[in-house]
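Common to both upcoming complexes is chain A, partnered first by chain B, then by chain C.
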Partner chain A sequence: MTNMTEVYRPIGGRLLTRHFYFLAVLVLIGAYFTLRRFIFGIGDVSNLSDGFPWGIWITYDVVSGTAIACGGYAMALLVYIFNRGQFHAMIRVALLASAFGYTLAGASILVDVGRYWQLYNVFLPQYMNLNSVMLEVALCVTLYTLVLWIEFSPAILEAMRAKRALRFVRHALFFFIGLGILLPTMHQSSLGSLLIIAGHKVHPLWQTPIIPLLFLITAIAMGYGIVVFESLYAAVNLGRRLETDLLSRIGAIIPWLLSVYLIIRLGELAISGDSVYLWQPGLEPWLFITEIALFLYAIWILFDAKKRQRPTQLFWSALAVVLAGTLYRFDAFLIAYNPGPGWHYFPAVGEMMITLAIIAFEVMAYLFFVKKTPILAADS
Partner chain B sequence: MNAARDPASIEIGPRLADQLALRGVSRRGFMQFALGLTAAMGLPFGMSQQVLAAIEDTTGRPAVIWLHFQECTGCTESLLRATHPTVESLILDLISLDYSETLLAAAGHQAEQALADSIERNKGRFILVIEGSVPMRDGGIYCKVAGKTPQQMLHEIAPHAAAVVAIGSCASWGGVQSAAPNPTGAVGIPEALQREGITRTDGAALPVITLPGCPASPYNLLSTVLYYLTLQKLPALDAKGRPLFAYGRLIHDNCERRPHFDAGRFAEQFGDDGHRQGWCLYKLGCKGPETHANCPAIEFGDVGGNTWPVGIGHPCFGCTEQGVGFHKALHEQAEVESVTPPAFFPEVFAEHPGGATLAGAAVAGAIGGGALVYAVSAGQKLKAAEAAESSAAAESEAR
Partner chain C sequence: MNTNRRDFLKVALAGAATALTTNTAQARPPKDLPPDAVGILYDATLCIGCKACEVGCKNANAMPTITDPALEQAKDVHAIWDASSDLDSRNLNKIKAFAQGTAAVKDREQDGYSFIKRACMHCVDPDCISACPVSALTKDPLTGIVGYNPDACIGCRYCQLACPFNIPKFEFDKPFPKIVKCEMCRHLQAQGEIPACCAACPTGASLFGRVSDLLQEGQRRLNLPPGTYQDYPLHRLDSGQQRSAEVRGYHPHLYGETETGGTQYLLLAGVPFENLGLPALGPESSAQLSETIQHTLYQGLAAPTLLLGGLVYTVYRRTEAERHADDVEERRHD
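Showing the complex of A and B:
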């Protein structure tokens, strides 16, 4: 591997900006609703019901949230599996976002699960049901969250100047990097498998036995998308140099993934005959078309080497990938999900505020870490 | 199947298929039965074929001697009167039940001769099933069969057994007779063997499996026997000698009313609103939280549709647990062994239509709008940065 000696530096600057306070207010509002949830129950703050036991907490915080947090996984694939050392400079910031995404996804489970005090049973071997997809997701996500923090720990240890611990971690890191690639491959596909069990409740345009593969591919694409988006967004807002060259090379991977995804997805629809549902009235075909349009837009921009070199084009196409992947998950889990007559779901205010607080907290933590610890590669 | 074999080697009956046909049991029904028992034993489904083979193999059946001490014969009754008794009694037939005071056709000296013959023939190989407790007071004179006390019978028979199965709460730990004031000094078989100092003839400890329950679930006996026939070893036992596959978990853990417990929905009196709604019976004295048994999983009496004590609205009285059944008052509240729910209980039902509200739509719109504003402003800044970069590049080129 080349160029493994890049220097990471805290970027410094004032932490308590106007935006930071705004985010803090959002977190406080979310904390208020979280408190209500634990005192008065889930029904008090959410619109969850027996028909829709999974609302935005699962669909956004867990399913989309961990896919968006696949930046660390996607970059690790690139750097360690495909041996592209030139991207190593970006791995820490990608890992940071992943660590937060996964930790908060896990934390949001605590809010979402009705009998949260029973959650520890998941980890007791004698109670495990080894045929359960849910068990696989639960264990895998927990383990991966730990692995992410271990992978990320050198940054914290460097900031703490804990030289001995750092040396120790560096020796063991290769093992955790391996795990860090294996585990998301397992659970990102399992998140899709969860839907297979839902059967006909999921609209036929989304329901397919190969949904695990589709979830895995989009999760990786979203991982690269978020790395590009985040880097550009952070660069303009934190006043750093644009890394357009590196980003365009990462961006170049996305259209290949998306093309494979689209071929599999559309091919499966054609073979299974479910494509007839495209011509039926209702919202679902439009949602489907929106997803595909967003994916096609990203493919169109990112396949073009010239367009790929322009930061604005990169920015919007990366955002389109993340949005399309998120919409895909929302459609499959919520919008095109029909538990039967009489059930309706639109997230309640409290529910949305809790999710928003989680996102706000992630951004606050991101700002804290990049300003105070060596995450971003030093501008040369 | 075994028609060509030496008839002497087949201790019980002709071919299994004939017996099934005779009793009107379809092959399919028989397979389902075997599968169910495989699951009850906690064995993987892949082993059902082995279990099936073990049932079908009519050679090498262990001889079983079934003794009755201080008891009510409820365990035998529940075993014989299960809903598909054809299959159950078939299993009973297939184990070579050489001596059972309830089922023997013979009587008197003839019966006792059968017992002596069987012991002689199967020394060290038969399974001794004991139903009922042993009266330790006054040398056990409160219970006599053929003029012998349980102690005498144990001394005579037990050392030659391969293993002892103590069926029912009486045999396991004393049962109802051991309740205060315990006039006969009743104890279970494990304790009686220990106090009498009874071991196998070779001096090794006698393995004792206890299957408490009042009556014991017939499936737990069948599963234990089948486990032995299939794997040729005894199942894993807990500290009280109970097979872990049946008694490994608290009733509370698998109870269908458990969510009501966790959500704080309790029946406060028999027949009150909560009781009619099927809420948790803990406050009525249900001993589920401190009693280990598989009743909620396999139910009881084979009627289906939630028919087991808690399922039909009666609190569990803890019959499988020493020190609980017949010892604690029915209304007494159980010690909760596992996690207790939080002190705050939310409302039972949160009424909400689930659809979009004005406030919800407004917040969703605000979030979406806010995100858009952030994205567009970042886009604008990027555009400016891009323009600056390209003009700088043009300038450096111009030089």
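Showing the complex of A and C:
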């Protein structure tokens, strides 16, 4: 069971490094474009159009960003449902990244929706449309963001030495952990379901009635991928001990998930007959092949007990999982999305800067929290 | 370890129950056309491309005229033409021309050309309405008109993604934008008038009427012998006003009769509709599939509730040590 001797400590060190200032500049540039968006409208900073109403703000910040933020969800599944207590020490940092990922996805929704001042209408029963996949996503993501902060709150309360509150939270936490597993299961699949109604505009290599299942499996795989990637990356950059053994055991889960995913995805293409689109000219078959190749690369490395013990191999294969899942989402929502002749989309500078600023802010907040609050398990 | 397996089994059972409840859910049936639903029959073979409908539409809906400064300077005119080239947030209704080869003869597929009028199709089973999270788009239970309520809209633009015809448009250039689409002049219909485009059309190409009557009229026209002269009603099907015109020959398809579950805006033309930029759509709306999948998973929230129960119970068992840890710790400190 859970090892209760584990200790979390702020890692300390200077916060205002040169990297930190660089990130701050990115955030300021993004803030400038965000201001322009609210004064002059969405068209002033973006290349969004009536043909491509959704661009990188939705496809990256929300659809891919929350999948990349599935580390907390994936680790909770592992520790609490599959009872692998040895990974407990990694949950906190995974939750931190998840809480930021989801919170900033929420923030970018405020930038993306046109009538943001009425956004609370999704919570008003007289307006709710229970047929809408978007409603389910909106409610679920909002609720899960709250749940993530509750799950993460012990770290903050420990830093504040708020003993009474901490005890209270600890006793109620089991419910929020359970809810925190249910909600991503619901909305990560629904993020895929969003596309079903777009019908013929989504390329047949991506459009399928089982898209919710495919989005769910890849989101969980991306969750494990990002935990491994983040841990190795942070260890190197923050000068901490590599937890290769633990990470390789997390990495070992990924190829099973990806194999199930590939069997379902390729099987469905074969059964539905949509596999004929693989032999058609154009960019789409190549995008599809790139996704599959990245997934296969990760499977090949991570199924091999020797290879996945090596930090470099582990690092690149974990990154491949995250990239493959992100490309899958970009292809389905944007690159292979075709609203008809005459419509094209490539993100504008302002659009990209806003997204970059959100990522930069996420990294800054991560650095602040791991340096100032007890998030990372103390090196023994 | 045994207890762990048991706990895992319980979650698995909850999962199985989830899967089982899904089997009991039914596919969402197609939506029916309201009996008195109104619509427009557009006959491209009657259209002369005069764009009187566009002018009427803009006047009736207080939409701005779009000018082309370069063109106006070249021709030394001012504010004569409405120069927009497609539907957008300032154009609810658009006449477009499609040409093939030499474009010598109207309504002919080879070396011919045809007009087409584009506006909201007012689907019987609209994808946009299914998509909208806040019910900003609604279908009038009597007229079947798909209307927009800006007070509900959050501007997420999911309706744009959902619409197979790319009809809802968004004011990307405004700080406080709205969705813009044809609402079949419901404000005029409320006063007993007909949509401005049909009132303005001089040839009967845009014809207002009850959808059930328009469907009959459309089928009747498909059977008219080409080359003969026939009487075509003007403005509205039962206006009593008529005009005699030569039957130019129809492409044998009434577009909108079955497409995406049927539309209240019906189209006839002399050339195939794919050539006119209209998508080939099956008889079922995407909304039907989307809602079937969504309601299968979430019917009455039964499956998620069951799953939540299993999850919370399992986590409760697993965190026993954690819950008691700080009690022990505190007792030690006291």
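The rule is short, and it goes like this: the second predicted complex is superposed on the first by the 378 of 380 C-alpha atoms of A that agree within 3 Å, B and C clash if a C-alpha of one lies under 4 Å from a C-alpha of the other, contacts with A are read in each partner's own complex, and residues count from 1 in each chain.
To be clear about the criterion, a contact is a pair of C-beta atoms (placed from the backbone, for glycine too) under 8 Å apart; a residue touches a chain by one contact, two chains touch by 3 or more.
All values reported here derive from a predicted model rather than from experimental measurement.
Student: Will chain C clash with chain B on chain A after the two structures are superposed, or do they fit?
Tutor: clash
Student: With both complexes superposed on chain A, which partner does A:196 reach: first (chain B), second (chain C), both or neither?
Tutor: In the superposition, A:196 contacts chain C only.
Student: With both complexes overlaid on chain A, does A:288 touch chain B (first), chain C (second), both or neither?
Tutor: Once the two structures are laid over each other on A, A:288 reaches no partner at all.
Student: Considering only touches as defined above, state whether A:310 meets chain B (first), chain C (second), both or neither.
Tutor: In the superposition, A:310 touches chain B alone.
Student: Would you sort A:356 into first (chain B), second (chain C), both or neither based on which partner it touches?
Tutor: Touch status of A:356: first partner only.
Student: Which partner, once the models are overlaid, touches more of chain A's residues, chain C or chain B?
Tutor: C
Student: Check the residue A:182 against both partner chains and state whether it touches chain B (first), chain C (second), both, or neither.
Tutor: Only chain C is touched by A:182; chain B is not.
Student: Considering only the touch criterion stated at the top, classify A:212 as touching first (chain B), second (chain C), both, or neither.
Tutor: After superposing on A, A:212 lies in contact with chain C but is clear of chain B.
Student: Mind working out whether A:134 is in touch with chain B, chain C, both or neither, as first, second, both or neither?
Tutor: Once the two structures are laid over each other on A, A:134 reaches chain C alone.
Student: Can A:224 be said to touch chain B (first), chain C (second), both, or neither?
Tutor: After superposing on A, A:224 lies clear of both chain B and chain C.
Student: Applying the document's definition of touch, where does A:170 land relative to chain B and chain C: first, second, both, or neither?
Tutor: Touch status of A:170: second partner only.
Student: Find the residues of chain A that appear in the contact set with chain B and again in the contact set with chain C.
Tutor: Of chain A, residues 38-44, 49, 51, 114-115, 118 contact chain B in one complex and chain C in the other.
Student: Chain B touches which residues of chain A in the complex?
Tutor: 38-44, 47, 49, 51-52, 114-115, 117-118, 126, 232-233, 235-237, 242, 244, 310-312, 315-316, 319, 343-349, 352-353, 356
Student: Over in the complex, which chain A residues touch chain C? Could you list them?
Tutor: Chain A residues touching chain C: 1-2, 4, 38-44, 46, 48-51, 53-54, 79-83, 112-116, 118-119, 121-122, 124, 127-129, 131-136, 138, 163, 166-167, 170-171, 173-175, 177-179, 181-182, 185-186, 189-190, 193-194, 196-201, 209, 212, 339-342.
Student: Once bound in the complex, which stretches of chain B touch chain A?
Tutor: Listed in rising order, the residues of chain B that touch chain A are 248, 259, 262-263, 339, 341-342, 344-347, 349-350, 352-357, 359-361, 363-364, 367, 375, 378-379, 381-383, 385-386, 389.
Student: Going by the contact rule at the top, pick out the chain C residues touching chain A in the complex.
Tutor: Per the stated touch rule, the residues are 4, 7-8, 11, 86-89, 127, 129-136, 150-158, 160-162, 164, 166, 168-178, 277, 279, 281, 286-287, 289-291, 293-295, 297-298, 304, 307-308, 311-316, 318-319, 321-323, 325-327, 330.
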